[in-house]
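Below are two complexes that have chain A in common, paired first with chain B and then with chain C.
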Partner chain A sequence: MKIVNLDHMSANPLVPEVQEAIIAAMRGNYGNPSSQHRMGEKASEILENSRESVAGLINAAAPREVVFTSGGTESVNHAVKGLAWANADKGKHIVTSNIEHTSVIRSMRRLKMMGFQVTSIPVDEYGRVSPDDVARAIRDETILVSIMHSNNEIGTIQPIDEIAGITREKKVLFHVDAVDSVGVVPIDVQKLGVDALSFASNPFYGPTGMGGLYVRRGVKIWPLLEGGIQENNKRAGTENLIGIVGMGVAADLAIRDMESRIAHLTMLKQKLLKELPRYIDEYSINSHQQYSLPNLVSVSLKYIEGESIVLMLDDENIAVSTRSACASGSLRASHVLLSIGLSYADAQGTLVITFGADNSEEDIVRFLEALQGTVNTLRKLSPLYKKAV
Partner chain B sequence: MYSKTVMDHFRNPRNSGTIEDADGVGEVGNPLCGDIMTMYLDVEDEHIKDIKFQTFGCGAAIAVSSMLTELAKGKSIEEAKKITNKDVAKALEGLPKNKLHCSNLGADALHMAIKDYEDRKAGRKISEPELSEPHEHDHEEKCYCPYCDAEIPEGVTFCKNCQ
Partner chain C sequence: MKIVNLDHMSANPLVPEVQEAIIAAMRGNYGNPSSQHRMGEKASEILENSRESVAGLINAAAPREVVFTSGGTESVNHAVKGLAWANADKGKHIVTSNIEHTSVIRSMRRLKMMGFQVTSIPVDEYGRVSPDDVARAIRDETILVSIMHSNNEIGTIQPIDEIAGITREKKVLFHVDAVDSVGVVPIDVQKLGVDALSFASNPFYGPTGMGGLYVRRGVKIWPLLEGGIQENNKRAGTENLIGIVGMGVAADLAIRDMESRIAHLTMLKQKLLKELPRYIDEYSINSHQQYSLPNLVSVSLKYIEGESIVLMLDDENIAVSTRSACASGSLRASHVLLSIGLSYADAQGTLVITFGADNSEEDIVRFLEALQGTVNTLRKLSPLYKKAV
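== the complex of A and B ==
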């Protein structure tokens, strides 16, 4: 039986054009873009064509403002640490939010060990950061603000343009983790006015293991990987042309199909939200109603735990994700869910459902039917479920 | 990730439910870590005539509770006291390393239920625990690292022992 994949955030399939481009690249036996001979020139041309495509996706002013990386995590590490180190002479204070991805949090933790101070701003019950809170947190010694564009667990989208207005006025660098947004919703780095932006290829159906970092011309940043002078001396290492080609094609398709993809995803999301109360009760939807990714639904199911839900749905050939402590191997419930005010128990029973271009309305119905059975079974087992008298 | 036996007990848990007027009840865990187990005992002639469980938790937690009731049912109180978390993990054909703390919880719930039975027998218990009432499931607020079992103090998100 076909598996209904409702966990696209964990792994998106590659669309056929991307697959074919990658296979052609493998067979093409390209040279090294840094070589001086014709083989190298050809490879360099391919590299720069892909860079143009990716730069077009985020409307960077110049393609060389985009650096290819091994994924979102590398981009974030490079941005946060590279910007902090390079600008430490002006100050050592950084502002971020309570719901950032662990790559931002761990990078901040590492910087704290190196003598930087970090202020983390709380969010409201929908996961939104207040630009006023950011403005109040910025001090004379602040050199960097890092806020994510959209959150990977609840889908909430932040008021990035408002925050950028504040950082520009106060002359503080602004990095945005847009890993789950780029290629999914329109991102225009010039319009947003950010200084650095991290993104990854898989959210727009490119290969996993590829990502990008946008750094506005003139912004001082130290490299994360040092060695050769590739990527405009920003990121050493012979380029992964096979992955880069795949990412470039995926970027072109994301530009071409963004509107139709958003329409399709929005339709699926609305169907799920509308039909859910017909199948289950005692649940809550996390995320802002308006400012939210079109492909993500976060639902907290009371009285039951996430991993057990995932396993039971897996038995019905449905793949979803959870953020319970047991499932993630971490020690506590999700910091994101706790930050928006969920109780520990509700946080443990939260599913993250992410759609893709390959999902259909039938998939939603199958999921809801299976979810109903799963929730009933697990609630019967649960000491937290108070039966209505 | 899970053995066949674990998946079997997860999909087909044995002895789930509650016992009205149980002779002993034990509850352990807290939603902080994501596991709560409740064990109900029906004791006759110092033997566990019936045992039931309820669990809020992951696949391992449910499987552990189920296996525990199978190991304990029919045993004498003294024999049941000797059941350890290692016995449960072994009977389940092993658990992933980060799930071994789930087996600790199961054995704890059983031993707490036995202690409750003995307390009541000795007249030490003042009132019935109202477990069907909604009450704040704040037990000890303690959490343990699933990898090295060190205690994690409140507010800490990384295990200092493992780091």
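== the complex of A and C ==
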């Protein structure tokens, strides 16, 4: 039985074009982009072609504003720590939000251990940050604001351009974690007006373990990985050339297919949201109606545990998730869901359903039917449910 | 005309078995090792199989002592900074050598900016560190010694086990940058008695942009990349699964073929060293006769520039290097060559020739013939040479 993958957020498949590009790069044996001889020149050319493609995807003013990294987590660590360290002479205060990805949260925690101060601002019931709150949190010693573009658990999209207007006015650097947005929805770093932006290759069907960091020209940042002079002196280490090639091709495809992909994802999302009440009751949708990713639905089901649903659906060859894969294994309730006001019980009863280009309407129907059976079975066993009805 | 690759240090080709494993992993679409469903379990199994293979290559006591990284540079940055930060409560002094890789040097420089003190000890004319010098450099506040296993420009191998005896006795942590040794010569972390050891996948024909960090159980280290709980909480971020699969297969092959590869490389090296005087004069060999890598020859040619030789040999489809690719683009003379006592001129006239499994005796002959012509041509143009003869 075919696996219905409704957990694209955890792992997107590599599209055939990306696979073929990686295979060709391996067979091509391109050498080291830093070498002085011909083998190196070829590698260097391929590297810079990919950089142009990726720069195009986010509309960077110049390809050299893109630094290739080993993924979204490295990009975020590099941005948050690297910007804080490099600008600490101006102050040691940072502003962020309560629903950031663990890579931001833990980087902030580390900076606190190193003498920085962090203000984390709350979000509303849909997970939106208020630009006014950001403005109020900025002090004379503030050097950096870091707010995510879209949330990886509820899909809510933040008013990044408005916040950027504030940070520019107050002359504070602005980093945006856009790992779940770049390649999925249009992102234009120049229009947004941000100073740094983290992203990863897998959300747009490129390889895992590959990412990028946009750093606007002139912004002071320390490298996280130091050594050789690769990546315009911003990120040392011999390049993951096959990964970079894959990311470049994936970026080209994302630019080409952005519109049709969004249309397809939106159709799937609408279908799920519309059909859901025909299959189950006593649930709530956690995302913002207007400002949210087209490929994600977060639904909280009363009286039951998300983990149990995931396991039972897995038996029916349907993959969904309770939260970001990065946080799985943790038994604590999601900080994102608690931040938007969910009770501990409702947070534990939450499913994150993420679509991809390979999903069909039939996948939605199979999921809904399986979910109905699973929810009925689990609620029959639930002491909370028995008490409630 | 076939390219004769005598610059394997910059970029080793991926062996066919590694390519096939990466292709199978891409086609297999294994998902995210951290997911809770079946797709994730398969990925997790593959990840841990690779970890076992890599742990076997360095004889780690347990696979979980191996952390997968994005390459040697990340491993070194993680080890040097992560060990220093995590143990700073015991002291802020570090000991290293004058001929380390730039990733060590720049990590040390960064730590100095953060309040650490670094003692860098000199090497002898062959590039060997004296264990007595290490012992003398260790003070009460010393928390870490970082010495490379083999040097990437001259191939000299350090007395790591003797130094480890000293660090154990003095209760100081010992990190070894073994990027150019692991998979090339036998490395046994338990026999060596080190606390942390950095390595990369490409020196044993695995993918670039993939590496590993051995951290002995119980050693305190901060992560460099923070966020999710991947890699036993030591290195966050969704794993580069296809790279990890490739590294695992490359490790298995390196274990299996270590002896025959070393025999082949040694044969090539001996042939080059023996034949060299028949082709050119006025040169010197920079490596230690006994303690050196089997795949590297560093030769300094009087009166001419290494860069010119590289470019002229490139025209004859022969790839060699003047130094590590990480440092190319820099116009300064190699700190390694100056540290072993070479004059600035001799340092600039140095070639690094590195062999691989795919090289043959014919390659050596073609190189020698081309080198002879190149050296003759360049010396005829050299004002230094005219003055000397």
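Operating definition for what follows: the second predicted complex is superposed on the first by the 379 of 389 C-alpha atoms of A that agree within 3 Å, B and C clash if a C-alpha of one lies under 4 Å from a C-alpha of the other, contacts with A are read in each partner's own complex, and residues count from 1 in each chain.
We adopt the following convention: contacts are C-beta pairs under 8 Å (C-beta built on N, C-alpha and C of every residue); 3 or more make two chains touch, one makes a residue touch a chain.
Keep in mind that what you see is a predicted model, and the values were worked out from it rather than measured.
Within the superposed three-chain model, A:Leu311 lies in touch with chain B and with chain C [touch as defined at top]. In the overlay built on the shared chain, the residue A:Gly237 is in contact with chain C alone; chain B does not reach it. Of the two partner chains placed by superposition, only chain B is touched by A:Tyr303; chain C is not.
In the superposed model, A:Lys380 lies in contact with chain B only, and not with chain C. By the document's definition of touching, of the two partners only chain B reaches A:Ala345; chain C does not. Of the two partner chains placed by the overlay, neither chain B nor chain C lies in contact with A:Leu273.
In the superposed pair of complexes, A:Ala61 makes contact with neither chain B nor chain C. Judged by the touch definition given at the top, the superposed model places A:Ala333 against chain B, while chain C stays out of reach. Chain A uses residues 307, 311, 324-327, 329-330 to touch chain B in one structure and chain C in the other.
Listing the residues of chain C that touch chain A in their complex gives 3, 5, 7, 10-11, 13-14, 19, 22-23, 26-27, 29-32, 34-40, 43, 69-74, 76-77, 101-107, 109-110, 200, 202, 207-210, 222, 224-230, 236-243, 307, 310-311, 313-314, 317, 319-322, 324-330. Residues of chain B touching chain A in their complex: 10-11, 13, 16, 27, 30-38, 54-62, 98-99, 102, 131-132, 134, 137, 143, 145-146, 152, 156-159. Against chain B, the residues of chain A that register as touching in their complex are 303-308, 311, 315, 324-327, 329-333, 335, 343-345, 348, 380-384, 386.
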